[in-house]
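Listed after this line are the structures, all set down as structure tokens.
Two complexes follow with subunit A in common, the first pairing it with subunit B and the second with subunit C.
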Partner chain A sequence: MDAETRTEAAVDARRPGPARAIGEVLLEVKDVTLRFGGVRALSGVSFDIRRGEIRAIIGPNGAGKSSMLNVINGFYQPQEGQITFKGEVLQKMRPHFAAKNGIARTFQNIALFKGMSTLDNVMTGRMLKMHSTWFEQMLYMGRAKREEIEHRRFCEEIIDFLEIQAHRHTPVGKLPYGLQKRVELARALAAEPEILLLDEPMAGMNVEEKEDMCRFILDVNDEFGTTIALIEHDMGVVMDISDRVVVLDYGRKLADGTPDAVRANQDVIDAYLGVSH
Partner chain B sequence: MLYREAGQFKTSYAADQAIFPIRQDQIAIGLMAAVAVLGVPALANEYFLETIFVPFLVFAMAALGLNILTGYCGQLSLGTGGFMACGAFFSYKLATAFPELHIVIVFLLAGLGTAGVGVLFGLPSLRIKGFYLAVATLAAQFFLVWMFNKFGWWTNYSSSGVISAPPREVLPGLFITGTEAGPVTKYLFLLVFVALLALVAKNLVRSRIGRTWMAIRDMDIAAEIIGIRPLWAKLSAFAVSSFYIGIAGALWAFVYTGSVEALAFEINRSFQVLFMIIIGGLGSILGSFLGAAFIVLLPILLNNGMLAIDPTISTALVSHIEFMIFGALIVFFLIVEPHGLARLWQIAKEKLRLWPFPY
Partner chain C sequence: MNPLAVRAGVWLLSVPILIAALGFGFKGLAAVDSSLFFTWGYFLEVLIAGLLQGVMYSLVALGFVLIFKASGIFNFAQGSMVLFAALTMVGFIELGLHWTLSFVVTVGVMVLLALAIERVVLRPLVNQPHIILFMATIGIFYFLDGFGQTIWGSDIKVLDIGISKDPMFVAQGVFEGGLLINSFDLVAALVGAVLVAGLAIFFQYTRVGRALRAVADDHQAALSVGIPLKTIWAIVWSVAGIVALVAGIMWGSKAGVQFSLALIALKALPVLILGGFTSIPGAIVGGLIIGAGEQLAEVFLGPLFGGAIQDWFAYMLALVFLLFRPQGLFGEVIIERI
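Moving on, here comes the complex of A and B:
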């Protein structure tokens, strides 16, 4: 079976599944404008993400996709617009608030803790769930020890799920690129997020690695019911796995809808292929 | 006995997360503890205890503190000397103002005071990183030493600016400071005290707090996105680090030298401790001890070694050769393994596991 049919087979098997219900709007971005000095990275972008869906954000280079994710998890504060998350209207999102309320993400250029082992990276992703006091941690007794073991069990499940057991004690700086991407996904999953933001999860991967990553993304969505927003340049992947696609170009929203609708949209075709003048 | 893990199965996460999960390591550490507690005091003479083991343990404590800040949390600091001075003078003031206070409590309180000072001088770390932060911590170094030198209050208005540790006992009859303190008591007290605090440091770095520090060190942006507050993580590292360094300063003044002036904590002291953790291994508890051993022990061993080979050799020549060999060894170890002696030890262990059939 060649690569494309395999991916499609996986998707087809998944799509009709009755368990996978797409629910209410979980996060809504409204009229967001983000400026860096005179540069407008985003101008008046609005879209929503529904619970349980896989939402793709696509667009040519410099379209503002990563800026959009940075706005959603509070790393950039937009000058205008608002974000509604779980019914709560926020002028600005803060990273700590986002993390606490179930928004996790991975980065375009891997941002792992390179000096730490895979396991420690994943455990760090879970740190907001741990509540032992300083004193308990100093003595490694009581709740501190109990939590280490409890959360280790959870992290081991994720490590198992993403098939990185063999590397759990390896410093992540030594792992190959594809595995590092996977560890980063594991770290994000350790927080049990409601929304997972993936910034180019498949950049720089070969076909096999991409297939693996697709499978993991679909499995995460299926088994944990995690809502996923992803940025991706591989159109085959985007069209295959996402439920809805939003297209950005020069910081503006160009199109929004199902993969098929977006694919047929003339503006999108023009943005990607160029227009003759 | 071969260094093998074969047949040692872990059936629980608790067993896998032990500090020494491998049985050979457990045996080795047990033997080392026995030698340190029973062997060293019995075999070493007073000179060796006073000039080698006591300063080694004091420096190991300081290196441990700096390693928490620089090795684990990635914040470069050149204020170690200043913070050691804080510990020394704080404990002097405490010990003389409250003579009935137990000496260990005095040390711990002096450490806490130094932690507060450390947090204050750690504030610039929220905005600046790396070498720029190192320059900012120089402010702590110069200001603190100047302050202890300038104001007589810190030395109880002693005319020479020197503080002398009052005699204090750790247990009834066992003096660890003052003229009555014997080298064996000092050594054993330091051994237990430093070992306990090293265990606490190890527990911290393998728990959530330690991972928070390392996350800030390795990738502060990702750490923030995960929900770590950089402010809190950095300042807590400054606090814990200064706590240890402050206690090291107090031990220096009270147990090691017995009397000290502020100039003993000049910037050279900061560099000395920084070199210890660079050579020993950044981000390693073991590395702090190895680095302290290297810097404290090696010059003395070289010195004594040369005199043993040729007793007629002039002392000037001995110290010149000592500098040359010492410098060459530092360069050699850093070229062989830039990540320090602790990493070298780790590599050796990995090789040993496969020996004699490496693949």
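Moving on, here comes the complex of A and C:
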């Protein structure tokens, strides 16, 4: 089987699946405007993410995709607009609040704890789920011991799931690029997120690594029912795996809809291919 | 077999061999040069005194390691934190508090200081390059230096918390006259050992410890998994402040509380280079090597150079180390993918 048919096979095997019910709106951004000094990174962007779906954000370079993700997880605070998350209306998100309430993410330029092992990196994803005090942890007794074992087991499952068992104790700085991306995904998954934000999960990967990543993303969505919002440049991938696509250009929303609808949209074609005046 | 156990075994074996080799070397030198003097008893005595002195260096180095581990910043102000802590402690004792009570109050003061540093200095500088933060710590050094002496005065003060300073003689049956050991240094060594064991466990096995290491590696990634940067920094600086207090008490009761306490930080530098800036056990081992090395060099090699080599020997040792192992004995290996 060549690369393309394999990806397609993976996609076909999964949809339409009866288990994959796309539910109510989980997160909604409304009229979000983000400025850096005089530069408008986002102007009045609105869209929603529904529970259980794979939602892609695409657009040419500098369209504001990463800024959008940073607004959603609270790294950037928009000047205007609001975010509704699980029915709660927020003026702005805060990173800690986001992490605590089930928003996990990966980064365009991998942001791992390079000196720490794969396992330790993944364990940091469980940080907010541990409740024992540092005193208990130092003595390694009672709740601390139970917790450590329980969380370690969970992390091992994720490590198995993403097939990085062999690199458990390697400092992640030593791993090749594709595996680092996978460890980052593992860390995000360890938090058992409701929404997983992936910023270019396949950037800089070869075909084989891309396929693996595609499969993992689909599996995560299927098996854990995790809602996924992802930014990606590889159109083939985006059109194959996402349920709905929102297109940004120069900080504005250009189109929003199913992959087929977006593909047929004249504005989108113009933005991507250029238009003669 | 566990690679860690193998490494530990190699260390444990190589240490006595190295010490014996040093002893025979000095003995040989003494046989050649008449200005040198050597007996095994004397050698051991100097070695032990040096090791105990080394623990005192480690106490100071520890404070540096803590902050470097958790933020990648070399905290220039650590020395002045030692002085400030000691001054505060003596100050409260002079106000009539018992030393234990004064200790508790001073711990509180150091925590407040950490909170203030986080709020006023670190928070506005999030995501700035390390060199900027380093320069900010130079500012903290001068501030604390002046602030402490403004409040508590600049006289040399005596700090006495009741540790005996009497010399002890041990192993009198084996060596003529026995080995002289300073009991104060012995207590300091014990305190240092307890502190190091506690901190090492804290960093390695607790959630906060893991968070600390994570913050040092990547601010943004840490935020994304929900690690509260502010809290972590406040904790690190508080712990570093408390370590500074312990170092201040030990050095203060040994040498008096005075401005020169701020300068023992300079002695911590070679310790850090030797042990590795990121390793708590490294701070201890580095301290032991520096302490023992400079004492032995002073006594058994000093006369060859006209004496007083103690002052520069540590730095030279550190320099040699930098050539062969820039990350130090226990430091994190420098990973660079090209």
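By definition in this document, the second predicted complex is superposed on the first by the 277 of 277 C-alpha atoms of A that agree within 3 Å, B and C clash if a C-alpha of one lies under 4 Å from a C-alpha of the other, contacts with A are read in each partner's own complex, and residues count from 1 in each chain.
Definition applied: contacts are C-beta pairs under 8 Å (C-beta built on N, C-alpha and C of every residue); 3 or more make two chains touch, one makes a residue touch a chain.
These numbers come from a predicted model, not from an experiment.
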item	value
Side-by-side fit of subunit B and subunit C on subunit A, or clash	clash
Touching partner for A:Q137 - first (subunit B), second (subunit C), both, neither	both
Subunit B versus subunit C as contact partner of A:A191, first or second or both or neither	both
First (subunit B), second (subunit C), both or neither touched by A:K174	second
Partner chain(s) touched by A:D120 [first = subunit B, second = subunit C, both, neither]	both
Partner chain(s) touched by A:I149 [first = subunit B, second = subunit C, both, neither]	first
Which of subunit B and subunit C A:P95 touches, first, second, both or neither	both
Touching partner for A:F107 - first (subunit B), second (subunit C), both, neither	both
Doubly contacted subunit A residues - partners subunit C and subunit B	73, 75, 95-96, 98-100, 104-105, 107, 111-116, 120, 123-125, 127-128, 130, 132, 134, 137-138, 140, 187, 191
Subunit A-touching residues of subunit B, taken from the complex the two chains share	12-14, 17, 200, 203-204, 206-209, 211-212, 214-215, 217-219, 221-229, 283
Subunit A residues touching subunit C - in the complex, by the definition given at the top	73, 75, 95-96, 98-100, 104-105, 107, 111-116, 120, 123-125, 127-128, 130, 132, 134, 137-138, 140, 171, 173-174, 187-188, 191
Contact footprint of subunit A on subunit C as seen in their complex	198, 201-202, 205-208, 210-211, 213-214, 216-218, 220-228, 278, 332-333, 335, 337
Complex interface listing, subunit A residues touching subunit B	73, 75, 95-96, 98-100, 104-105, 107, 111-116, 120, 123-125, 127-128, 130, 132, 134, 137-140, 144-145, 147-149, 152-153, 156, 187, 191
